[in-house]
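One structure is given below, represented as structure tokens, and several questions about it will come after.
As written, the chain order gives the labels A, B, C and D, with residue 1 at the start of each chain.
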Amino acid sequence: MIEPALAPLDVARIRADFPILERKINGAPLVYLDSAATTQKPNVVIDAIGNYYRTSNANVHRGVHSLGNEATDAFELGRRRVAQFIDADPAGLVFTRNTTEALNLVAASYAREMLQPGDRIVVTEMEHHSNLVPWQLASERAGLELAAIRLQDDGTLDMDDAERLLKPPTRLLSVTHQSNVLGTVNDLATLTRLAHAAGALVCVDAAQSVPHRPVSVRQLDCDFLAFSGHKMCGPMGIGVLWARPEPLNAMPPFQGGGSMILRVTLQHSSWNDVPHKFEAGTPDVASVVGLAAACDYIDNIGLTAICEHETRLTKRLLDVLTTIGDIDIHGPLDLTQRGGCVSFNVGNVHAHDVGTILDRTGIAVRAGHHCCQPLMQRLGVPATTRASTYLYTTPNEIDALGEGLAEVKRVFRV
Amino acid sequence: MIEPALAPLDVARIRADFPILERKINGAPLVYLDSAATTQKPNVVIDAIGNYYRTSNANVHRGVHSLGNEATDAFELGRRRVAQFIDADPAGLVFTRNTTEALNLVAASYAREMLQPGDRIVVTEMEHHSNLVPWQLASERAGLELAAIRLQDDGTLDMDDAERLLKPPTRLLSVTHQSNVLGTVNDLATLTRLAHAAGALVCVDAAQSVPHRPVSVRQLDCDFLAFSGHKMCGPMGIGVLWARPEPLNAMPPFQGGGSMILRVTLQHSSWNDVPHKFEAGTPDVASVVGLAAACDYIDNIGLTAICEHETRLTKRLLDVLTTIGDIDIHGPLDLTQRGGCVSFNVGNVHAHDVGTILDRTGIAVRAGHHCCQPLMQRLGVPATTRASTYLYTTPNEIDALGEGLAEVKRVFRV
Amino acid sequence: MVGFSNTTPVEDDLYREIVLEHYSHPRHRGELETASSRVDATNPLCGDELSLAWRVEGGRISGIAFSGRGCSISMASASMLCEALDGQDMATAADIAARFRSMLLDKGPSDGLGDLEALRGVAAYPVRIKCAVLAWNALLQELAGTAETEP
Amino acid sequence: MVGFSNTTPVEDDLYREIVLEHYSHPRHRGELETASSRVDATNPLCGDELSLAWRVEGGRISGIAFSGRGCSISMASASMLCEALDGQDMATAADIAARFRSMLLDKGPSDGLGDLEALRGVAAYPVRIKCAVLAWNALLQELAGTAETEP
């Protein structure tokens, strides 16, 4: 049975929801191909933040007055809405600043506090610094071993190496769902099976997957999952750690302060229930409200449709890059193995020069190490140029990128 | 020479800047006397956030494209603006989520990592849980001693006890500038002199002072200072840790991830310069922009004028409470020793009942332990009612509170 | 004269006479030395603290008491709980508890709840509902726990 | 024909001929075994890495070289730096560095800067200024350090 293809996105209508897309950059219309770094925000999200401050702003969980109650309701409804977005129980959903903080929370309260010297943590060669440095800090301080699953030349993980490493004394695998450089979507089903069979927990860096494809923590069967609001049409300053109840209940607090306590004396304290135990101090209620609005916005359009749209764009992007010539594409070319974020190098032109020339005609791409220095070393390049798409990206913008790259070749005589 | 009194604030004009103040609560106009928990936001702050998302949103510190550059400029200009607000060098200004995270940063990266077993940390009996629990966590984990300066019955610190405790092996004093329950403004000059003479550093919880009176870290001569944007007309989700360069440079990172690194390999990393070393992951640029707008807004009105306004309101509030009778006021009555936040109990009516009755006529006060359980124990009450003022508070609102409290007495036959 | 003259104040919808009466003169307050069940409940955000203890003999509650401190609603509710459940068989006790919760959380009917009906007004004060159900939740939790461990 | 015919492209304001020429054929690239000063510079956010080494004899730079990798602007700037400073006395070297920085950061005059003037266009690209001044900042930092430790 063939799945009926979804109707293509009405991108023109979607674009009208994003006021920044009307901007001109250096006299040209903005072509925003940097959504993997942060996405733009639709009016409904911007307005949700403003409306919260204009009508219901108060501190939460602490008061008997009506505004405090409205703010608390908005906050906890937001928690439920975001949990629903990843098919999770809200009791396991902890709000953090971003993916980075979510991963640091697991590294500090689980790896550093609950693992034993000699235990091993496994990551991969394609990890973002945010899914590497926290484990380095925890490993150094708690005497843990840190190992990385090797990458194959096609930009996918070496599953033999995974099998070798996902054995005792491995206690935790922390792996990205989708690479922010290569676009590779990792085979989490196999990795999770191997890790769990070895008695290790699985932490998923979902910063690049939750915004772009349907993600269910129940189906993934992972133990921890981290992502950022700002990469999914939501506000900056809000991220999520979801965790299964067993590790979450057992873990000691991450930060101490208001809201996370049950009873406090000058010398000792006891802790509130999860998820509150991990949310110290005044939370960013406005951003939670904004993130819930982003979930509504995305779900109204449909993640499956968004994912199909991005696949079509990625196909066009790969075609354009191949047609131009003298371009090294990093990461898999098979569209079933990747998402809509493509890194490449133009001849031996430095990525910054590529980025600057593109910016002169309004095209925003990322150029640099993308917070993946070990991956750059593995690829043997100092930096790459990365173009990344989202629901508001049009085929014309991909073509504009092609023209810009032709100009790069002209200027640098590649 | 008598200081010329400043012109009183034009509160009617100020109130027009705060859209939420037009709200009705249970049919009555909102009387917001809970600014110590979080303040309301003027249009300029709400609009600054919206405008950022509508025109310049991008990730920072990572790109060569124009939007990325605009966002980075906005972020770093925001840092300079906020540093100026507390008379500080921006290189020592670290953005955090809130006061709580700022204090946890010092507890984790300074106390836990740099102090030795047996070293002593000193706090006070009036601290907010956010300035107590982080030190408990660090002390337990690093074998430190934790002691608290006693409170006198008038709600001020026992300076003899301070002198006794601020001796070796004390290495750090962490103290609130202004109590969020008692309103007490502590004598930081003396405390800092004693601590520094003993070779201890001084960390100031300025959550309740920076929003309400001019604060200069140079004049305070402290080593660390923490505060929250949401308590000073700014957005939620953004706070500040300022620190002197010596401890800040010496401290290991707090969280690992993007932006805080210099060079990363799979096994080891080195760190970026301060303040970036302490800012892992995508920061909340929009909230920094909003906080900078809040600094402008407050400075345009003038902190000295705001402080005088609050002093006048506090005088009226203390008079009203005294006139009503059967009310226990906690904290100093001398206006030179306190700020505009007053806690009290009405007969033996529970604070929640007080809060509920006031809320029925639109009056929002806080009722509970105010995240100060040890102080509640010291005061011998389970909870207090707290009324707190800000630049938009009017004398009429104080009078409305008085009427509400008379109704409390009537219902409960006090 | 009910609801007619405006010189007689209409009764407060939340702080009904009978609620305030239970608050100032709580029934069954104290310790129950011979308790067969005992349970603590706290509301960490408010600071309410409550202990409930009861004795079951021949399938009936033959003694019940509470102690603790908190707001008028949580204390009056605990006092009324003790009065309503003392002497009841366990099935009836559980049924009353379920109907009381339903009255507050789902605005369900209050028939046959007696004095407890006086707490109906709390339903209009969302933040106070957790005060009113504090003792009841503790009771139901303990009953559920007992039910599970007994065959 | 300058600026006249639109068949001859106007020179790129950033990637001037001479800049690209220094980038593809850098001068003084390599190691300087007999260096008296050596300094490293990195731009962590871009990944640019650069080493600069020079030898001072009789108050003059008698040899200078750079190595490293980075974008065209940082590499061309380092190449031009070496060419401009080789053989200069220390005061002149510092003066050229200061004027180069001023040209980019304060849009100051470029008289007498020779080839370096070709980098003036960078001033219009704020994010790239740090690429252009990378080698120069390293040099000035080292000179300042030396000045402080020498009487």
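Operating definition for what follows: contacts are C-beta pairs under 8 Å (C-beta built on N, C-alpha and C of every residue); 3 or more make two chains touch, one makes a residue touch a chain.
These numbers come from a predicted model, not from an experiment.
Greatest centre-to-centre distance from subunit B is found for D, with centres as Cα means.
A count of contacting C-beta pairs for B-D and for A-D identifies A-D as the more extensively joined pair.
Subunit B and subunit D have CA centres that are 47 Å apart. Per-chain CA centroids place subunit A at a distance of 39 Å from subunit D. Note on chain placement: the centre of subunit C and the centre of subunit D lie 81 Å apart, centres being C-alpha means.
Centre-to-centre spacing of subunit A and subunit B amounts to 32 Å, using the average Cα coordinate of each chain.
Multi-chain contact residues of subunit C (touching two or more other chains): 45, 127-128.
Looking at subunit A, one finds that residues 62-64, 68, 261, 263, 352, 356, 368, 373 touch two or more other chains.
The touching residues of subunit A, counted against subunit D in their complex, run 349-353, 356-357, 368-369, 373, 376, 382-383, 411-413. Within the complex formed with subunit A, the subunit B residues making contact are 19-20, 23, 25-26, 30, 32, 34, 37-38, 40-41, 45-47, 49-50, 53-59, 62-68, 97-101, 103-104, 107, 125, 128-130, 132-137, 146, 148, 228, 230, 235-238, 252-253, 255-261, 263-269, 280-287, 352, 355-356, 358-359, 363-368, 370-371, 373-374, 377. Put simply, subunit D touches subunit B in their complex at residues 42, 44-45, 126-128. Remark: subunit A residues 61-64, 68-69, 73, 261-263, 272 touch subunit C in the complex. Subunit D meets subunit A in the complex at residues 12, 14-15, 20, 45-49, 69-73, 125, 127-128, 131.
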